[in-house]
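Look at the two complexes coming up: chain A is in both, with chain B in one and chain C in the other.
== the complex of A and B ==
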């Protein structure tokens, strides 16, 4: 009796500690979102943060399909785009009819737009998983994207549909004309959506989604119809994608066919996969990284998509768990206290790997500049080192950097693998299995 | 008392080939019934037919007097029939605890609900804890199912099968590939867990079959040639000729 009581007490204490840690993380995230614009207050960084917030919601919604339910979609932007269009139309209607709907509620209409399409089309689409599902999403994505150019009255053709977010009723005296107010609006919806999507993973449906991902055949023999599970997951993913689209429509004050297209669908797949689908926070990391790269690289180089491709291939081949997977791999080592076994080998590998990367970048930029330098400058300004794309020495330098970097990097990577084996088996001996 | 499972004149053809023909079988409530037969006799096909994994070409299957042939596997499962698989068939990336809990959710009425916290369902937690105790995997509860040893995965397979509380349990070669000691453990586990329920079992290990079953059916080339108590089966000349040969004395 007393034993049971103490063990219950211990369990309760443990649960209490877990809860504290859990709510702590969300609280820190909320505070970070509030404080961030106070530290980086330039217009450029506010715009970046807003875009990152939107793409985090979008990537998290995509992971309901890919990571949670095991559904690979090539057309997720359809829900994002339709959410954006509905939001724009509602905003224009509110402004025209003086309806008492303030701007902060508009993303909800975006969500409804994304959800409505999922409810209508999802039942047929989710009948099968795997390749069949992927192909259908590709088809539907193209269908909707091309329809958006044809149905001019709804989608506004090439130019899209514009709106004025300040024309809506104000709330708390905010007119939402300035970027900082839009940032806080996005941050608010980011918090709500992220909590809701996390909560979803902790419900019976969320758990069964994982079961369908792992083994849909077996799910049928524990009472569940995997088709219904996939359909519900698809509807939730569509809803949150629509919220992201609605926020984008507010942010840019326009919705156009680019919102729905294959490029947008590809980007979200890219961000989610790079971040890592196995952990809830993976897509958050991926969305941050990809948005930063997108904003940063487009200013620096004309062939930025090539770098995206290289990063994607690298992740798929060497770290299929994404960034989150790489980070979480180190948890057993950290707990087992053997993390210091691998850190030195990382540092050693860093130098030749950077040499290799520099060589690859130089090679790409040289070729790109050389092939497109009609009338333009032949000078490449690489990390403040000016190089001439037509000079043989530049080509030679690139080749030497790539070859020497690759040879040395291979050796150091092997050392990482060895150090890793030692560290993980030592951690395993202490009871922390990798 | 109604029969648990009743199979009437079931036939299964794949193209021109008839795998199962004129299959008739009656399994009473709370009976432990073993289906034996040589390789390729159609034992697994019979399991797949009963559990809805494949549909019969003709004939009728009843569960607790209700026709279930033509229903989908999850519909049959909801009516109180649960089966395991010959090849281990668990949720590999989920933990042992989550594997069993998923199998408990439908039966406890939580279905597709997305408004409840799955960690805050006392009934679900209690039943999951119980099942884990029963299959001796409590100490492995936080290990991903894919990392369990083979014997542990087989036990988890049985755990998932019984977790929903179905009153008809079908086990497809539960001791296949196990060592002698593991087999004994598994048999006593099965005996205990299916207490008061109907058990249908396909098994190659004759000591398991004759030790566990109340009745045995012998399937040869998709047809049941004999059905009876272990004693009757042992002494049936047709069975001795067709299947058992000199193995059983």
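== the complex of A and C ==
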């Protein structure tokens, strides 16, 4: 056997293995979605899983714009909200006229709602990319959110429009009254949408979207109109955001103007960017993390949004690839077998970084409790250590922790950078380039 | 009717000048650095809150000087330690950084001063009616605001047109690379311009705080309108920003003052139609539509002239 034949065989084997791995991941994801509620069956966790599922679809749809086409939108919640409103109206109409449309098909109408708005307004919006596009999405977002308060008959004003999901025709004997049935409905749509959006990245359209993101001039030169490509990407993103909105409307049995608002748009941007826009699984990680933080932090602290802002700023400044980018950075090191070079420096850096984080948290909580109590005594219970927000010692402790932590952390971060350089050049020598 | 026109024109020009205090800084920063500073309205809010706090401690007049300086220092720190490090990741990362900052500043302000409006009052010396037009008296403080904004506008244009620094800034607006090649420290010019831009926003905040509501959501309310102003005027064009500020200031003020609706002009619709989309549109007053008018203008200009009124840049 010649060398060429051997390498061909090896390549084929490798491709086969990759295929197996690829379908394996989707299969594992599907099984995990089915098994998850059997392990964590409490009502609270079912609600959390449902919210996470919705926000994963929403974040993935956002990444069609931000990650794949390079369009930064500050008004993506418009499609989410309009999808939700259309879904609610369709649900009410189905219940009123006894149409034979069961609940599992309702998210499709949500998608149509999101898509319809994208089709109508998208052509004007996607004329230009970059900063101008970002500003326009912000303006359109405000326009729709403010209009929704004026057009009361359609959007229900401040209180929104309610619906009853159990009034629709049943399917497989499910009435969709209980949260577990809604969870499986969301999981089903999550799987379908995720597969569809992943497939979209593999199509010629998905590839040309990436090209438009990287170099619109050259795309134009090879005969594609970047404006058309951006428009198509915008429509797809609107459609899937609408599906997420429809699912949210089913889950909460209400659609109100908060669905369309700037906060919702900001949250999906946070989730997607924190997760990482360069990889398909990035927004999934981000959506899980952000939703968990949102649910978890609201019980612990009143200023949870500030922590979001700080995490987001940290990611933008120090890890613009997001969590997914950080994880995937280590792949060449793992393959090159030099991962152990960086691990010790990580462990050393962990302690001062934790001190810094602890100091920042203590400082924020102290200020928050101090202003809330208007100078009266107020106890902070931080990781089971009781501290008085009005005592000067607490303020001093916070300041010392922040300053000392920051100084030490900077030193250890430099060590990480050095170790990283060594590890990646060693891995590069073995043929695994970072 | 005439008194309405006079008062609304005065108010509209005043609001327009305030918008220009903000949009001029934003435009210059954008033209030079390519960064659309999302946190610009947050600097305006910081100005108002610093102004409030300093007024409480040392009085209004020192606050009028000190608060903008503080805001300018915050702006310079943001440029030096935030934007300069993020620059290598591209413009989207810079925009996102300022977006995160705007979010964090709003949270910090509401953490320190609370979510409800603070009691930031017009100083006693300016708390009298300046003149009376057709039985409507006009407060002296608003005349003071107008005077401050106009004098800053004049001072700024003199600095830009007549001084050496102004010439460097003007050159950097159109040819930033050439200016760097000529040996100017562009990094320092950027930091300075960012600081001055933030300080201008701070001035706007200090003087607008007593007249409008000083509250932690004021940045979120004004920010989008500010972006409409600079997109409408044409990104990177100072005269464009000036015209757009006045246009949007006047439209909004006049819209708020008018109470007409389609129903009041053409008579009510047939009641048999019941509540529907049509009746909503028929009965809405111009005053109710006022908050969305800037965005309608934005959509219109994008359809008719995508680069904005006086814009020349395509991207």
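Things to note:
As a working rule, the second predicted complex is superposed on the first by the 416 of 434 C-alpha atoms of A that agree within 3 Å, B and C clash if a C-alpha of one lies under 4 Å from a C-alpha of the other, contacts with A are read in each partner's own complex, and residues count from 1 in each chain.
Here is the rule we go by: a contact is a pair of C-beta atoms (placed from the backbone, for glycine too) under 8 Å apart; a residue touches a chain by one contact, two chains touch by 3 or more.
Remember, it's a predicted structure, so these values are computed and weren't measured experimentally.
Of the two partner chains placed by superposition, only chain B is touched by A:210; chain C is not.
Of the two partner chains placed by the overlay, neither chain B nor chain C lies in contact with A:36. Within the superposed three-chain model, A:426 lies out of touch with both chain B and chain C [touch as defined at top].
Of the two partner chains placed around the shared chain by superposition, chain B is the only one that A:200 touches, whereas chain C remains out of contact.
Touching more residues of chain A than its counterpart among chain B and chain C is C.
In the superposition on chain A, contact of A:305 is made with chain C only, not with chain B. Within the superposed three-chain model, A:223 lies in touch with chain B and out of touch with chain C [touch as defined at top].
Of the two partner chains placed by the overlay, neither chain B nor chain C lies in contact with A:95. Note for the complex: chain A touches chain C at residues 70, 72, 74, 124-125, 127-132, 134-136, 138-140, 142-143, 146-147, 150-154, 262, 266, 269, 273, 303, 305-306, 308-310, 312-313, 316-317, 320, 364, 367-368, 371. Note for the complex: chain C touches chain A at residues 30, 34, 36, 82, 85-86, 89, 91-93, 95-97, 99-101, 103-104, 107-108, 111-114, 220, 224, 227-228, 230-231, 235, 275-277, 279-281, 284, 288-289, 291-292, 294-296, 298-299, 302-303, 306, 314-315. Contact residues on chain B toward chain A in their complex (touch as defined above): 51, 72-74, 77-78, 82-83, 85, 89-94, 98, 101-103, 105-107, 110-119, 121, 160-161, 163-164. Within the complex formed with chain B, the residues of chain A that make contact are 199-200, 202-208, 210-211, 213-215, 217-225, 228-229, 232, 236, 278.
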